[in-house]
Structures are given as structure tokens and as C-alpha cells.
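In what comes next, subunit A is part of two complexes: it sits with subunit B in the first one and with subunit C in the second one.
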Partner chain A sequence: MATILYALPFLLQGFLITLWVSALVVVFSLAGGLVLGVGLVYGPRTVQWLVRLFSDCIRGIPILVLIFVVYYGFPPLGIAINAFWAGVVALTLFKGAQVIEYVRGAISSIPKGQMEAGKAIGLTFVQRLRYVIFPQAVRRFLPPWINGVTDAVKGSALISLLGIVDLMQSINEVIGRTYEAMPLYLLGAFIYFAINYSLSLTSRFVERRYAYIRD
Partner chain B sequence: MNANQQPLLKIDDLRKSFGQANILKGIDMAVNKGEAVAIIGPSGSGKTTLLRCVNFLETYEEGSIRIDGQEVGYRDGGNRQRRGETDLARMRAETGMVFQSFNLFPHLTAAENVMLGLTKVRRKPKQEAREIAEHWLKRVGLDHRIDNLPSELSGGQQQRVGIARAVAMEPKILLLDEITSALDPELVNEVLDVVRQLAEEGMTMLMVTHEIAFARDASHRIVFMDDGKVAAEGPPKELMAQAGSNQRLDAFLSRFRTSHLH
Partner chain C sequence: MGYHLNFNLIWRHFDKLWQGLVLSLELAVVSILIGAAIGLLLAVWYVSAGKVVRAAISAYVEFIRNVPLILLVYIVFYGIPTVVDFAYSPTASFIGTLSLYSGAYLVEVFRSGLEAVPRGQLDAGKAIGLTPWQRLLYVRLPTMTRITLPALSNTFISLFKDTSVASVIAVPELTYGAQWINFNTFRIVEVYIVTTIMYLVTGYGILFGLRQVERRFKVER
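And now, the complex of A and B:
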């Protein structure tokens, strides 16, 4: 117990870093994945092909390899990047590729007639997406996406391997000083679980909220 | 109809193919303002494709479709450049379309379905759009369903919302694509009554239909399509009379004489 009280201030800092990294990854991957996902469904053939290539490549690489590739691979290309941003970029690429697939799946589930009905009343492409397609697709998009957010939180623990003092790394550091591994790892596991369980609850709530459309 | 008035819809030598299959093989057609024209013909004759070309849901490469003198899918000028997205949307707003499968927006109420085009395309204030929506929903007999979601409506009611959504935009021409084909038989008439009334009030209409009796009663002119071409056309009575001399038309109509017309 004393160990845990001693550890908490250190863990709090790591916890905040973990949340910050997760938030950045979630926002960037959502924005990028939405655009590329729409490109994959509606874009010209070359765009579709490029997005498909990107998504398949990224999803075929272990996330840890991706992190090291960005961290060690970008500087020789002349792109200066520190450990923190290397971690964010790598996780964003990984998450973004998943978002692309969620977007594709959600949009493809909308019947073709919806786009046509939108065209027929004179809506432009952007208006059709905004008022017709997205409000319907969001119901299919949200549950897997929120589950994906929990992946991002868990996956962010890997950036501790670049020496970033996130929740995982701060646990390791405290263990380095106290030599009490088990209680601290349990505590860490509990904190990760608490974040992700609350996300899962949100996901279930959202699913119920958007249940208005009959299949 | 004034003889030297230019037709509202003018289709000239329209050709369309999907890969190797020629669907439309040179269609010429004209629809005057206030006229209701029915297109009949066997499946695969190109009726629906023709209708979908009129609001550019299908692209056409050869020939011309003009509404009020303006080419539908391509910019004016000789080099046949496809209209841009905004331009195309503006052209499409001039036509209304009612679909076989209704295609109502399932996340919006009946009123919101009608209002979407009014607020986003016609840029009307919400209040005014709501009044127009209520007006048209009452006109199609849905006073009590204005704030219901499509999933809470019967097929016939959904299709009447579809009609209200299209006519509320005050299109120059209304396109109806087999609008009763997906309905249970007992719901067909409530939809056809609405269309009949619109025709009587002078709404310009081009409709693809399998309801021969309806085409005969409600349209000013019937076009019989066969194998991607206009095989016969004329006022309903004249067309029916042509059946004796036109083998394909006779064969097509005889199916309905035995089964549908009673």
C-alpha cells in the first residue's frame, strides 16, 4: 500500500501522457481515416488503389515495427522527429488504416438508392455525405471505432519502448526504484482497464442511441 | 398546346451502352409542358435507363437530353464537357424523381425528408420549408404522419412521402420510375390516385410503368419502347389501336389483356 501511495504521483504524470498520446492519435487518425475512407469508396480508381495499398501495407505490419520504422527511418530521410512524435505518427498511421476500413464498411452498408435520392433532389456530393450518408453510416461506424479507441490506448503502451514516460514507462521506473513489480503492474493494469472499460460502456450506450434505423 | 412552343424535355438520338450491351439505340422523344407521358415496354427494353439518363443518374455519351433548352449532363458549347458537381446538382434540382424502392432517408421524419432539399438546395428558411412540407404531405393524404419516421409508415405511405419530397421542390418535370412495383396490390391505388391528380393539375411527368390501365387513363401519351428504341407512340387510344399492326406491341399488350386488365 505504501508503495502504491508512493507511486501515484509518478503514475499520474505517465497517465496524462498516455491520455495525451491517445487523444492525439484518435483525433488525427479519425480525420485522416475519414478523408481516405471516403476516397476509397468514392474516389477515382487511382485514389482507390493508393488508399487500398496504404491500408493493406500498414495493417500488415506489427505496430511495434511501425513505431521503430518511423523513429529510426524518418531522420535519415531528412525528417527530424523526436521520440514523442515518432510514437504519435506511428500509432496514427496504424489507427488511421483501421479507421479507413471502418469508414468503408459503414458507407458500403448504406443502400445505393440513398445516394441517388440525394442526387435527385439536387444535393451536391458534400451535402449528400453530410446530410444523407454520414448520419446513417455513423451508427455502423461508432461501435467498432470506439473499440478501436481502446486499442489505441492499449497500443500507446508500446511507445514506452522509445523511452517516453507514459503510464507504462512510469510504472517501470517506479518498479526500478522499489523492486515491487507485481502490485505496480496490477495497478497499471487496473488503470488501463478503467479507461477502456468506460470506453466500452460508451460504445454500448452509443449503439443503443443509434438503433433507430431498421435493418 | 402551342405548336411552335419548344418542348420542355427534348431527347435526340440518345444512345447508351453498358460494356458490349447496347441499351438505348437512338431515342428521340419530346415532352411538352403540362404533358403526362407514360413509357411502357418489356423489361430490358431500356425504359428505366432512359428515365435515369434524364436526371443524369446514368451518364449518356451519345445524343442529347435538353430540359428547357439546357443540356442535362454536359456544359453548353461544342466540346461536350461534363458539368461540374455543383452545376450538375443545380440541373438535377430541376427534375424530381420518385423511385421504385422509395429511397426515403430513414433517419429523417416524413417532414424532414421533404424539407432537406428545400433548405439545403432551395435555401429556404426552416419555417417556410416546414410549411411547404406540411402542405404537400397533406396533399398526398398524410396529415397524420408528418412527424413519423419512414420505418413507421406502410409502403404506400412511404411512396407518397417520396412523391411529396419530389414535387415540393417544384421541379419542371417529374420522373416516376415504376413507383408501384414494390407495393402490395392493395396499396397501389392510393399512390396512383396522387399521381393522377398531379397529372390533372398540369404537372409535367414522364413515367415508366407496368400499370397499363393506369397509363391509359392518366397519361396524355404513351410511348412503347422495345429493344432500346421507341417502337410506337401516341395518345392512349391511338396506341392501343396500333396494336393490330404492330406485332411487338400486340404481344406486349396481350399479356396484360389476359392478366392485368379486368
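And now, the complex of A and C:
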């Protein structure tokens, strides 16, 4: 108990870094994934092909390898990047590929007639997306996406390997001083669990909220 | 770009990567087998159990699914030996972790698979006088297996990728081999190009093979 009280201020620092990294990754991957996801569904053949290639490659590589590729691989190619941003970039690539697939799934669940009806009444492409497709697709998109945020939080634990003092690394550092491994690991597991489980519950809630929609 | 690609050092140490890849696959195969046993047992128990058992099984599943794998690896490898007087090799420890990890995901897969078996099949089994065990063994499980095959192959692929986390406790799998070459030869870009290609080719190769198997056993609905 004393160890846990001693550890909490240190863990709070790490906890904030974990949240900050996760938030950055979620925002960047949402922005990038949305654009590329729309490109995958509506883009010209070459764009579709490139996005598909990007998504399949990223999803075929372990996150840890992706992190090492960015952290160790970018500087020799002349791209200066520090550990923090290497972690954010790698996790964003990983998450972005996920978002692309969620977007594709959500948009293709909307009947073709909706797009054609929008065309028939003279809406431009952007208007059709904004007023016809997105309002409907968002209900399909939200539940898996919120649930997928847990992957960003869990994945962010891997950046501790680059020496960033996130929640995982702050746990390791406290253990290095107190030599009490088990209570601290369990405390850390509890914190991660609390973040991720509340996200999963939110996802389930949103899913139930939209359960009235049938195809 | 002042970087000149030179793969010679990679080929000289290629056995590190190759043996690493083989070990990664072995870890994934052993873990999914143990995990499938855990998952199947708990899923069968879950669908026929009372509230308390269901809550306990759900707690296990939710805990594993919501905690980073790397933390689970640390708990099993560094944490547990401090509490019990018991030590194991990194490889054994990682197989234990990954089995528990995949078990949690597979409980869900098998549970929904069991529930997806059409009611009529079970009634038919009852009608021809099969005992509950026979119904489970000869009717429910075979159909469930066919329904869950796609989810099983996806789980296997993601387990194969998750084996990269074993490098943090020095299990000499593919990522560890890549790190070793990275730190000892400094042919950084080359080693990650080769490693990435090895992961991609192996992952998609397995996926392609498993899709063929799935097609063979597809459930007509």
C-alpha cells in the first residue's frame, strides 16, 4: 500500500503522457483515415489501389516493428525525428489503416441508391458526402471506432521501449526503485483496464443506441 | 539522401532473422493451440453455466482484452516469479502469456460460434436420441468449428504479429533478430526492410492458405 501511494505521483506523469499520445494518435489517424477511406471507396482506380496497398501493408506489420522502423529507420534516411514523435507517427500509421477499414465498411453499408438520389437532385460530391452519406455512415462507424481507440491506448504502451516515460515506463521506473514488481504491475493493469473498459462500454452503448437501424 | 543501401551484412546474419521467423511461427502455433483449448473449454462452460461462472469468465476475457500485451508479458515474466518461488525461461513465459491472451479472444469467438449453431440441428440430435454429450461432440462442435474458421485464421495472423512483443523479454524471435542486427551492424534501413518483408510475406502467405481451407469447409447458409 505504501508503495502504491509512493508510486502514484510518478504514475500520474506517465498516465498523462499515455493519454496525450493516444489523443494525438486518435486525432491524426481519424483525419488521415477519413480522407484515405473516402479515397478507397470513391477515388479513381489508382488511388483505390494505392490506399489498399498502404492499408494492407501497415496492417500486415506488427506495431512494435512499425515503431522501430520509424524510430530507427527514419533518421538514416535524413528525416530527423525524436522518440516521442516516432511513437506518435508509427501508432498513427497503424491506427490510420484501421480507420480506413472502418470508413470503408461504414460507407459501403449505405445503399447505392442514396448516392444516386443525391446526384439526381443536383448535389455536388462534397454535399452528397456531407448531407447524405456521412450522417448515415457515422452510426456504423462510431461503435467499432470507439472500440478501436483501445488499440491506440494499448499500442501506446509499446513506446515505453523508446524510452518515453509513459504509464508503462513510469511503472518500470518505480519498480526499478522499489523492487516491488507485482503490486505495481497490477496497479498499472488496473489503470489501463479502467481507460479501455470505459471505452468498450461507451462503444457498446453507442451500438445499442443505433440498434434500431436495419438494412 | 546520403544513405547507401548495403545488404551484405544482412545476408551474413540472415540466420538470425530466419531462425527468428521460425520461432515466431512456433510461438504463434503453440499459443493458439493452448489458447484454443482454454477458449473452447471456457466457451462450452459459459453457455451452460450459471451467473457466477459467467461473470468470472467475462472478467478474465475483459481483463486480458483491455490491458496492453506488453504489460501482460511483464506481469508473467517479471511479476509472477517475485510472488511464487518459481522461474521459467523467457520462451516458456511468453508462450504462457500468449496462450492466456489468445484464450481470452477465442472464448468470445467460440461462444458466438456455439450460439450461431442453428437450433434445428440440436433438436434433430435430440430427436434421434443423442445424449447431451453426443450432441455437443457430434453436432454442435463440428458446426461451430466451420462457422468460426474465418475468425480463427484472423486470430492466428494477429497472434503471429503479436509474437514481436516477445523481443522485450529477449525471446530470439524475428523482431529480436532484427534488433540484434540493427545494434550490431548498424545496417538499420536494410534490416527493417528485410524484416518487414518477411512479416508481410509470411502473414499474407498464411492468410492465403487459411482462406483456401475456409473455402473448403464453408458453411452454406
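As a convention for this text, the second predicted complex is superposed on the first by the 213 of 215 C-alpha atoms of A that agree within 3 Å, B and C clash if a C-alpha of one lies under 4 Å from a C-alpha of the other, contacts with A are read in each partner's own complex, and residues count from 1 in each chain.
Assume contacts are C-beta pairs under 8 Å (C-beta built on N, C-alpha and C of every residue); 3 or more make two chains touch, one makes a residue touch a chain.
Computed from a prediction, not measured in an experiment: that's the story for all the values here.
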First, second, both or neither for A:Ala120, with subunit B first and subunit C second: first
Chain touching more of subunit A, residue-wise (subunit B, subunit C): C
Partner chain(s) touched by A:Ala31 [first = subunit B, second = subunit C, both, neither]: neither
Partner chain in contact with A:Tyr131 - subunit B first, subunit C second, else both or neither: first
Contacts of A:Pro62 with subunit B and subunit C, given as first, second, both or neither: second
Which of subunit B and subunit C A:Leu161 touches, first, second, both or neither: second
Touching residues on subunit B, where the partner in the complex is subunit A: 55, 57, 85-86, 89-90, 92-97, 99, 101, 103-107, 116-117, 120-121, 149, 151, 165-166, 169
Residues on subunit A engaged by subunit C in the complex (per definition of touch): 56-57, 60-65, 68-69, 72-73, 76-78, 150, 153-158, 160-161, 168, 171-172, 175, 180-182, 185-186, 188-189, 192-193, 196-197, 200
List of subunit A residues in touch with subunit B within their complex: 111, 113-114, 116-117, 119-125, 127, 131-132, 135-136, 212-214
Of subunit C, residues touching subunit A in the complex: 1-3, 62-63, 65-72, 74-75, 78-80, 82-83, 161-165, 167-168, 175, 178-179, 182, 188-189, 192, 195-196, 199-200, 203-204
